[in-house]
Amino acid sequence: MGPGEGATPDENEMAFDLGQAIGREGWITLTGGRSFGIMDAALKGAIEGGGLTIGVLPGDSDKNASENAQIKIITSMGSGRNYISVLSSHVLVVLGMAAGTASEVALAIKSNKRVILLNQDEDTIRFFKKVGSYKVLISSTVDDTIRQIKDYLIVNPVR
Amino acid sequence: MGPGEGATPDENEMAFDLGQAIGREGWITLTGGRSFGIMDAALKGAIEGGGLTIGVLPGDSDKNASENAQIKIITSMGSGRNYISVLSSHVLVVLGMAAGTASEVALAIKSNKRVILLNQDEDTIRFFKKVGSYKVLISSTVDDTIRQIKDYLIVNPVR
Amino acid sequence: MGPGEGATPDENEMAFDLGQAIGREGWITLTGGRSFGIMDAALKGAIEGGGLTIGVLPGDSDKNASENAQIKIITSMGSGRNYISVLSSHVLVVLGMAAGTASEVALAIKSNKRVILLNQDEDTIRFFKKVGSYKVLISSTVDDTIRQIKDYLIVNPVR
Amino acid sequence: MGPGEGATPDENEMAFDLGQAIGREGWITLTGGRSFGIMDAALKGAIEGGGLTIGVLPGDSDKNASENAQIKIITSMGSGRNYISVLSSHVLVVLGMAAGTASEVALAIKSNKRVILLNQDEDTIRFFKKVGSYKVLISSTVDDTIRQIKDYLIVNPVR
């Protein structure tokens, strides 16, 4: 999960690497499915890594969808679709920060999901640790993120 | 699309055959994802036919999901998820009839989708033809349904 | 509940009368809140009758809302908001018919609400009676509709 | 907006005072509509102040609704209803903090609404100021909150 418009080139690059690493693990990558920013970069990387990709789209058609979303879930809910993205994920990795992304972190905590804050600043970490406690994990590299997901899945296997 | 509880054994059998035929075409089968009735039978057939399956689930977890839904979209929206099922589909095939199913046919017409009424009675066909006109197609066998989907996709290819 | 674009002048007039009668009873009138058709006419009548009005809007702002919706619930869900309209109502009266309206009738039956089909044709009545059984009531005048609502509310009082 | 379970007695008292002040202004008070915490206290105060109250409920019936919600919008969307609460509000006042509340602040910023953080700690203010910039206002008393809402409504009148 991460911003569309506001993502920096560095963040998009890291999102690509993350998607690629997720794909290599054989996991599914799910994002908000738009055609730019973190959402698109992660999906593109995931395909590169050999993984399956899902976009949970805000609009009422696939018109503005990322071409890297192999499966397009069309919600017609705008940012209301963020809750569906969160509930449909086993673990969230959050890269970059904006209002929509913050709502996903908050809804993930509310839904008792694990959220890995990747490369976030001190203010973000402090706030979400206060709201989410043990559900919020911290990481600064893609490798460490993958490792933390594996640790979580050992204890909480996907059926 | 079709009912959970109210489906007859014959309808479930036809749903299995339909899912299998869809899977064999290499198409994705999407249903409401519950663990019984048309939803489950179609997904089971689709896997048998070698296809990918998606369940768009009404609950807030995958607890009552069909084990044949390979991809589980969790909406926490109850019957509100019917609109997402409809929007995310390219063509709807409707087998069996109940209130939830009727809402899907109506929302599909509203969203300008094609709906194939498979094995429906006269009253159902007459009502939805009146509301949906050319968007509503009629079929009585799985083979004819697949043929009608192909005809539609030739003119309206999936990007 | 009833269509926007497709409503006939006669239907809009009856919707106004119905809203007015609902308002006079001191009941709240809730519609899909758009600025034309049955939705607008019923709200306008309701205000004339001294009632409170609610529009459950499809868009993400109040831009296209009926000016007769005193309370505007903004959903950003398109036709997905139909389920919220249905769940938030105690009794549905359906006047005119189109795809969106049909989805509301179906969702109301699914949600175990009472639906009064006002001035509907034989095909519509036959279909929804088959799907909804005793939950579907038939009326041909505003007066009879109000009387049927009262009968229902005596047995099922609003808390 | 504010938490249900996690609200402190002091926060609930302030929510009551806030609701009362909003009611006295003749404004509508809208909350998540549950029967405890900030949601209930604010609605109770609003009625005391002579205002109209709306609860946008997470469940599929009014069973667990606050008895102080005069108008009950039933969404069947769980925390997905937070986006509807946000979009349907002109200004948000946020008292107390928890994951659901944080999602509302974030969605409000995303939707270009003004959010008044009432009595929030430094970490919360710093994070949301970073994400929301000028859209996020700070207050520490009910009186100052009302004054800030008035200032906003002078420039951005409700139609």
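First chain written, first letter: the chains are A, B, C and D, and each begins at residue 1.
We take it that a residue touches a chain if its C-beta (ideal position, glycine included) is under 8 Å from a C-beta of that chain, and two chains touch if they have at least 3 such contacts.
From a predicted model like this one, the values you see are computed outputs, not experimental measurements.
K.L.:
Go ahead and align subunit B to its copy subunit C using Cα positions, then give the rotation in degrees, nearest 5.
P.N.:
A turn of 180 degrees brings the C-alpha atoms of subunit B onto subunit C.
K.L.:
Identify the chain pair with more contacting C-beta pairs: A-D or A-B.
P.N.:
Pair with more contacting C-beta pairs, A-D versus A-B: A-D.
K.L.:
Tell me, please, which of C-D, B-C or A-C gives a repeat of the B-D interface, judged by over half of the contact pairs matching in residue number.
P.N.:
Having compared contact pairs by residue number, the answer is A-C.
K.L.:
Cα centroid separation between subunit A and subunit B, in whole Å?
P.N.:
29
K.L.:
Give, as an integer number of Å, the spacing between the C-alpha centres of subunit C and subunit A.
P.N.:
Those two chain centres are 40 Å apart.
K.L.:
Among the residues of subunit A, which ones contact at least 2 other chains?
P.N.:
Residues 60, 75-80, 83-84, 111.
K.L.:
Going by the contact rule set out above, which residues of subunit C touch subunit B in the complex?
P.N.:
The touching residues are 77-80, 82-84, 97-103, 105-107, 109-111, 123-124, 126-128, 130-132.
K.L.:
Mind listing the subunit D positions that touch subunit C in their complex?
P.N.:
Touching subunit C from subunit D are residues 28, 54, 56, 60-62, 71-77, 83-84, 87-88, 111, 159.
K.L.:
Residue numbers of subunit C touching subunit A in their complex, please.
P.N.:
Its residues touching subunit A are 60, 75-80.
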